[in-house]
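One structure is given below, represented as structure tokens, and several questions about it will come after.
Chain IDs A, B and C follow the sequence of writing; residue 1 opens each chain.
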Amino acid sequence: MEPKSLQKRDILRKTLTYGFLTVWGIFVLFPFYWMVLTSVKSYGSYNAEYIPQLYTLHPTLQNYLDAFSAVPLLDYFVNTVIFTLATTALMLMVTVLAAFGFSRLQFKGRDLAFTAFLALMMIPTELVVITNFVTITNMDLRNTFAGLVLPSVTSVFYIYLLRENFSQIPNELYYAAKVDGTSDLKYLFKVMIPICRPTIVTVTILKVIECWNSYIWPRLITDDQAYFLVSNGIQEIRENGFGRENIPAMMAAVVVISVPLIVLFLCFRKRIMAGVSRGGVKG
Amino acid sequence: MNVTLQNLTKTFPGRGKQKNNDVIAVNDFTFEIPDGKLVGLLGPSGCGKSTMLNLLSGLLTPTAGKIFFGEEEVTNQPPQNRGVGLVFQNYALYPHLTVMQNITFPLENLKGKDKLTKAQMREKALEAARLVQIDQLMDRKPSELSGGQQQRVAIARALVKMPRILLLDEPLSNLDARLRLQTREEIRRIQTQTGITTVFVTHDQEEAMSICDMIVVMRDGILQQIGQPQQVYDDPENLFVAKFLGTPPINTFDARVEAGKLYIGEEAVLELPDAETGPVIAAIRPEGFVPSPLGSFTCQLQRIEVMGRDTSVVCSHPAFTGETFRAIIDSDEICQISAEARFSLKENKVYLFRPDTGDRIRF
Amino acid sequence: MEQNNRKGWLYLLPAMVFLGVFMVYPLIDVLVYSFEEGYNFASQTYYGTGTYNYAYVLRDPYFLQALKNTFILVAITVPLSTGIALLISVALSSIKKLRELYQTVFFLPYVTNTLAVGLVFMILFKQTPYTDGLANLILGWFGISPIDFIDGPYWAKMFVLCFYTIWVVMPFKVLILTSALASVKQDYYNAAMVDGTPRFRMFTRITLPMISPTLFYLIITGFIGAFKAYSDAVALFGTNLNAAEMNTIVGYIYDMLYGNSGGYPSYAAAAAIILFAIVLTITCINLLVSKKHVHYA
């Protein structure tokens, strides 16, 4: 084949590749564009558009004011923040301690216990949610933060991830600390956690995403609006909020609850993607 | 501080196939390390020397026997109460801490009346750093240091709390050849300067011989011989010690004693009037061969390797236990060698061992 | 180095308590529930044991509808999303400029709230008296008359559900496949290039076998994930999925447990165990198939 026609083919292939990727990029981004666009259209002008307009010349922030005043969006927001912080903090404590036990300490039955933990990874949430619902109900914890938080505190997968990371730290570091009279707990906090900070940050972010988006358990366990999280809130808004269907205001609420995670993602892009590709699964 | 071991024994439970057989890593050790000496624990890998070190540090507790530091028994004391400094083979520096923070780390654990202020810690750390000549590097992270520098940091960290005993686990094995030579002199200098009783583990006999006041040769958990390096080299108790010390290694021949003479092959090479008749293993140091046209020991020359001051003569002999053996001779004597090389032997460089047990046969 | 029994277990204690109460106990309990007939939530009594709950669930038209929906969803979205993800990843791996930008954009749906973005899809597809919606506008360009995708015919609703599901699951698959492609050593390609191997052959003979374990992992997790679909449907069609004929098995479980038709944990338990059995069976079949076709390095 002539070098010139080879070159031509190469350019054609490149153009097609970029074209394809760009089309997919638009497909991914379009819903985000549409939600922001709709959220800045006024109620009147949105409903007047029989043919949807792809841009607006008169953006308004009125919908955002409505979203915060007509429905308790701020309360949902605060609830979600409390829920996310509490769950993540407790989860970190529980998983770090367990991972430390599994990776650093020697005791009878350790490996058996670890295998049992791993086996639990295969259990789907749908199977245990029924009993948990009954348990929490019987403990009178419906519509409380405790009821929301407690069942999602432990994650076998994160224990596994942390243990793998902890195990990579050479044993000598531990013995060196032992000779210097460092206690186990102090070793954990002053040596292991700082060394494994990247993994711990990754785990934290993944858990925050999970908490922020959780819907099913909060829906089961709360029917009092005062304890709704954003997911339940948005569903409530969709079904009963804003009187008549006020789609621009609804979109404003959607923007508000989506922004924190998108900002978090853009800040920790590399870490999140690395963490997910190491085995995070959506939901 | 002198260290005394009494019948020290450590066994580990067997694993896998040998589940029922305990592994004896250290078997009934009794000896004393005099105050202020540098002692080398020497042996091939798996001989229990690291276990020995961990028993001294307190990371392991012995199955039986006692350990004394001076008059005080420390057998069951945890590491932090023993006042030992430990330097690991891979240095075990904390990667997230600076050199300064690494060195002050042990001091932060001191409690009660020993507790130090931040300034005191810095002062002590600097002092230790100056001793190992890394006081210019205090703000760096371990990953920014060379292997030799990391080694020094590890030693400074072990020295900073003024240990009674300093323990070094294969301190030179991760360094390149040139640095190894330099560092071992450095270790000797630091040890002499501080006067701390120091025990170091190595599988490299040259390393141990060159700087130690005393070496302890171990094999399979069993103590083989203790003594000053030269004394152990000159007067090995058994075949293992003889083979383990010296480069190039000692040459061993299947031989026999008959009528007061040592026979290698058909030749009588030495007069041994008091030796018992019977088969023996004759071990001859490479420097024990003297080229001489009238020598009693004849072998086939394979090649000559010139090494400057010395020359190594590679020969073969039917009674030799391997393929070829080496004799080290003065470069001046090279003209004496022909295709059929003849040597006379230095009597004090020839050792006889029992073929079955490897024990030394004195003559 | 030394054994440290009590302390070791102490560190595990919190995790064990939480897992015990919220995972191990429920696992046993759900089996018990599923065989207890006529369990009453309020009085916590039941009047018999047996397989009645299973029989009831399997005859319940709502469950059968959910089963059908879930199977259609799985059958459409798993192959389609995996295929498109493979195409995108290969395209991504072949470019250098702007690659990070594309990767970031493609991953965005992963971090968004399924419920929230589902609302956007709903308004894009919904037909109201005031507007036909953007989707219908585009269809109109091709001369297709407007359809209500949200409250209209069954196939239209199923189409939107599949469409949204693919949009949601794509980031994960693209990310995993892209990193798998990146881990194929350049040496193999260089060797093939020297032999004058055409590009397509390189892809089928080198790339595909090398990433086949990852591909297979994605197919398994894709099956499991799609069988558990629920939030996406809620986002598009609201919480009353039975009325919309768009319920899924998981949706059926939750509806039985709680909500307007709720209060029957026994039925929910039976349905959950049926779901688990289906997922397990499919995974096993997958594993068997993969033994033949997946190349493990």
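The rule we apply is simple: a residue touches a chain if its C-beta (ideal position, glycine included) is under 8 Å from a C-beta of that chain, and two chains touch if they have at least 3 such contacts.
Predicted model, so just to flag it, every value in this text is computed and none were measured.
Undergrad: Any idea whether A-C or A-B has more C-beta pairs in contact?
TA: Pair with the higher count of C-beta contacts: A-C.
Undergrad: Where the centre means the average of the CA atoms, what chain is farthest from chain C?
TA: Greatest centre separation from chain C goes to chain B.
Undergrad: Specify the chain with the shortest distance from its C-alpha centroid to the centroid of every protein C-alpha atom present.
TA: If one averages C-alpha positions chain by chain, the most central is A.
Undergrad: Report, in whole Å, the distance between the mean C-alpha point of chain B and the mean C-alpha point of chain C.
TA: 63
Undergrad: Rounded to the nearest whole Å, what is the centre-to-centre distance of chain A and chain C, using the mean of the C-alpha atoms as each centre?
TA: About 16 Å, centre to centre.
Undergrad: Using the average of all C-alpha atoms in each chain as its centre, how far is it in Å between chain A and chain B?
TA: Chain centres of chain A and chain B, defined by C-alpha means, are spaced 57 Å apart.
Undergrad: Multi-chain contacts in chain A: which residues touch at least two other chains?
TA: 175
Undergrad: By residue number and range, which residues of chain B touch two or more other chains?
TA: 54, 59
Undergrad: Identify all positions of chain C at which a residue touches two or more other chains, and write them in rising order.
TA: As it turns out, chain C has residues touching two or more other chains at 1-2.
Undergrad: Which positions of chain B touch chain A when the two form their complex?
TA: 54, 57-59, 78-81, 84-86, 88-92, 94-97, 105-106, 109-110, 157, 161
Undergrad: Which residues of chain C touch chain A in the complex?
TA: 1-12, 14-16, 18-19, 21-27, 29-30, 33, 41, 87-88, 91-92, 94-95, 98, 102-117, 119-121, 123-124, 128, 130-134, 137, 167-170, 172, 175-176, 179, 221, 224-225, 228, 230-231, 234-235, 238-239, 250, 253-254, 257-258, 265, 268-269, 272-273, 275-276, 279
Undergrad: Show which residues of chain A lie in contact with chain B when the two form their complex.
TA: Listed in rising order, the residues are 170, 172-173, 175-182, 186, 190-191, 194-195, 197.
Undergrad: For the complex, which residues does chain A have touching chain C?
TA: 14, 17-18, 20-21, 24-25, 27-29, 31-32, 34-35, 38, 47, 49-52, 93-95, 97-98, 100-102, 105-108, 110, 113, 117, 120, 123-124, 126-135, 150-151, 153-154, 156, 159, 175, 184, 209, 212-213, 215-216, 219-220, 230-231, 234-235, 238-239, 245, 247, 250-251, 253-254, 257-258, 261-262, 264-266, 269, 272-273, 276-277, 280-283
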